[in-house]
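See the structures that follow.
The same subunit A turns up in both complexes below, where it pairs with subunit B and then with subunit C.
Then we have the complex of A and B:
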């Protein structure tokens, strides 16, 4: 090891600019947010009135908070099923020698929606769901199931599922890509050995593919769950929490409290809950991906 | 019997994948196609190709705002990505080469930035930007974007720098070369592939970012595309053709960039495996 590289003082100028920016614009606001949640304050007045845990007490009695928690959890569950489960199966099929020839084509097509802005995808799907002009009802009528036609986003019973479906459309290909990347690293001898042993494709999938990429599956699951609790753009664009408050998620609750109702203290309280949930999940992910690297 | 079964299975998979591919591509084609129609034609038939190709929808959408939003997005994304590449690669060099007390702690602090949800800092950032006078300027977007993307960029680049052999650097340092020159003339050029991947992935997140872009900027003239499209929707609430033309213009650059630069995208994903 060279002497120059053991000198911390010569390393600092390289690290400091990035570190300061991260501390000031990521960490400091995060800490301030928790502090602000103990006050009643408005965006337009300088004064902040200390109220302690009052907003937390209020939050846990707010029925909308439970709607939001339920919607975020639905998001997480359905996304695990489609993005992680579906993505895994699709990736496994694309890695099979019968389909490998077609893999570049399909994985490119499937991945395309995840490079488009969530806001743009939300606006597009709002048009697609439009009861009169949209493609969704158009397809339903074209296959002759006219009675299924529906104002998907306008009905408080179906709206949250319609919104969640858009995320599956957008991100299943993303998970497929991550699983494909992980599957490429599996040594092919393992598959050859299992074929000699007479295992069929499904047996091989459970005996080799899944155990070999289990770290990626775990990490993918956690990334998906974290994403489900950070949801904001698509809900804001497609329904803004409505009709009623039926599609409210934690993210839109923060925005509504802060920038519609000017209750900054309450908004920061909800934001703190998002912070606690996503941070806990992220620590878990860090632990798991580290254990993955050592294997 | 077995062959028949597996044949059937293969056909089913083909049907499934084809339908899935249509389910992805057709809505996008529908968008582009209806962007060329008049409202009347759009209401009459959503499926057909336009009888008359209304290029005016596209030029009109561009003129009523997309052009300006496009410029704003390009400016904000380019400046942010350049700063991220510079500061990120410096930090990654510092953290991958130097061994000193506290190095691990610094790395831990920076990487924990990956774990923080932007929602949790939205309101205090809004306050901070207002109090330092940056609210409603390009910098109100650039600075938070840089700060939030740096941990990911550093994570990617550090891992790559660690894998670069050090013989060249060590001999340069022994010849009396300064660490800055080593960083600039040896490490950066060798790190080009990961710089490209980091630029693509962080650039994509920034180009698509919505929440900060909506809250930290007030003037329509400063809006980036995702938020600008919301303006356009309320402005053109009955002109569907032009709205769809605007959406198509917004979606296309990223799709084209991805299809052209797939390899670099995938390398970044495979090094990071992090969702944007």
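Then we have the complex of A and C:
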């Protein structure tokens, strides 16, 4: 039996279906995407006109591209800070002896937002942010900071932060859950030993908890960063890239190019760039953390 | 034991895999078949009114048509206004094009014409003069290109300032005839502590509709038509900047409610119904909703004339919505039969009565079928010398996109009219190169 498993050829029938599916639905579209980005075409056009790398040149001169890139990077940075950093802290607090009794309750409360559909969340927050009837300004006024009240989504300077904040509200709980699961796997002997050695809570957090769940932190960071570069729905529902182009992200840029401006070629160009960015980031993260080769 | 049956296993797996893949594909092809098993003709019909208050009308009309033509089956699909813009692009790209589909008039329809996707309906209209003459001429024109007719209008829409009569009477105000009178009126309302106009520009088409009228009134008709054509557009006439300035003036003098960019059009209309504002700029099709929701008397007036404007001052902002027939349809005769049925006087009257929409069919919108104000609105539109169509569907999509994304910035003061027009001009050049 063992020998059969070591025989490479007999593994083929098992791998082949998955391989074919991946080729067909992942790699082929990827290659086609790059191919299509060399043509000028729209859903309405009769033929594709070859333009070579013209769209790539145009993309790098497009100011909206840089706005989008900046917004995506902001998304990634803030998300790492709040979702990974914040999630970690919340998880550690919930794991603490003092809070463990209440953990299931808080776990549920924090997790609920992440299971609500983004369209619903977007509409909900649109209402909460409304400067005239929304709860956000209501609370601000109620605590006496009237001058802070603001048209959060309607002002091109604050709109992107307002959108990013919604993501943090929605997904920090999800990260907390992931970290809690990882923390549950840490052997309690480690904590007991550290207590005997006289370490305080902060010290155990850095010396035991973090190294023990390093892989989960890495996975969390990758999910967050890639998610930040793929973000689309929140922006689409809440601002659709506006006011002006101030909340444009790469995702909405693709959508706008393809489905509003009838430039499928330009859209595939942006999509290719998104692919390159996310791919590079994941490779980089894997390399830096020397992870992914766990025994 | 694996070794022996290895090749068998592999064949099995490949077979299963392919059957999976192809059963998926088969599913989609069978739906696009154009004739059902019993020799019936199936026409695919796509419209944009899935809302529960509108869709029963279409279901009833389709049922009646199928009853009268037992050999034809209508397979109907509906998606809402915003998704329709995407849906049409996806189906055009995907190849499974409905026989009859919704389209806005103007440039939006011309796009189908340019790519050869729309059937030329001119011969059918010429053949049946009675059908041709049943339309108010101004409603057919926006669906024509180069002397050919590509679309059939279903409803007719104009944009008007609806006002709260009670507020007007309280401050002894009258409907303005000119833009200066309009500004004067707004000023008086403002001084009296009222919010003169409610505007919800969260989706920027709301303010673009103002600009559709202002551009038309400020820029000479020939110049404007040349500029709106993607092949010759330049947008260098100073009237375009003036038009933006007129709109900006309304915002700068605080004639609109606060936070226009944070509120939706729905929110603005709700506030108007709640009598928080004196006026709102709405379409004729919204009149029945106004009537249903507002407690006080109301009336309407079109965008006032601008005396120094170079455009024709007797135009109305508005456009018909309608249908085009796919050039790939296998059953053009039947598709036309259905469109004729849909636009018959009987069904048009039914539409006006049931949905409150103004009809492009002569005489269908009258005192008996429609709300008083809707019938009056149609009269105003009949007397108009032409229509300024919605700017966002009347110019090339890329130019519309520049206008749409910048209009919010104009209103929040981030961009000046000159800056916006420079961008429009640059994109117009780009479009010109691509189209020619």
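Rule of thumb we're sticking to: the second predicted complex is superposed on the first by the 254 of 295 C-alpha atoms of A that agree within 3 Å, B and C clash if a C-alpha of one lies under 4 Å from a C-alpha of the other, contacts with A are read in each partner's own complex, and residues count from 1 in each chain.
Assume a contact is a pair of C-beta atoms (placed from the backbone, for glycine too) under 8 Å apart; a residue touches a chain by one contact, two chains touch by 3 or more.
Computed from a predicted structure; not experimentally measured.
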**Report entry** Partner chain in contact with A:275 - subunit B first, subunit C second, else both or neither
**Finding:** first
Query raised in the report: Looking at the overlay, does A:56 come into contact with subunit B only (first), subunit C only (second), both, or neither?
Result: neither
Report task. Using the superposition on chain A described above, determine whether A:12 touches subunit B (first), subunit C (second), both, or neither. Result -> both
Query raised in the report: So, A:39: does it touch subunit B (first), subunit C (second), both, or neither?
Result: neither
Requested in this report: Have a look at where A:27 lands relative to subunit B and subunit C in the superposition and call it first, second, both or neither.
Outcome: first
**Report entry** subunit A residues touched by each partner, larger count belonging to subunit B or subunit C
**Finding:** B
Requested in this report: Mind working out whether A:264 is in touch with subunit B, subunit C, both or neither, as first, second, both or neither?
Outcome: both
**Report entry** Partner chain(s) touched by A:129 [first = subunit B, second = subunit C, both, neither]
**Finding:** second
Query - subunit B and subunit C footprints on subunit A, overlapping residues - result: 4, 7, 10, 12-13, 17, 21, 24, 43, 132, 258-259, 264
Query raised in the report: Taking the complex as given, what residues does subunit A use to touch subunit B?
Result: 1-2, 4-8, 10-15, 17-19, 21-30, 32-33, 36, 43, 90, 93, 98-99, 102, 106, 108-113, 115-120, 123-125, 127-128, 132-135, 138, 169, 171, 173-174, 177-178, 181, 216, 219, 223-224, 226-227, 229-230, 232-233, 236-237, 250-251, 254-255, 258-259, 264, 267-268, 271-272, 274-275, 278-279, 282-283, 285-286, 289
Requested in this report: Mind listing the subunit B positions that touch subunit A in their complex?
Outcome: 10, 13, 17, 20-21, 23-28, 30-31, 42-43, 46-47, 87-88, 90-91, 93-95, 97-103, 106, 109-111, 113-128, 143-144, 146-148, 150-151, 154, 170, 173-174, 179, 183, 204, 207-211, 215, 225-227, 229-230, 233, 240, 243-244, 247, 250-251, 254-255, 257-259, 262, 266, 269-270, 273-275
Query raised in the report: What residues of subunit A sit close enough to touch subunit C in their complex?
Result: 4, 7, 9-10, 12-13, 16-17, 20-21, 24, 40, 42-46, 129-132, 151-156, 240-245, 256, 258-264
Query - Complex contacts: residues of subunit C adjacent to subunit A - result: 1-3, 6, 9-10, 13-14, 16-17, 21, 85-86, 88-90, 92-93, 111-112, 114-117, 202-204, 258-263, 267, 397-398, 401, 405-406, 408-409, 412, 414-415, 434
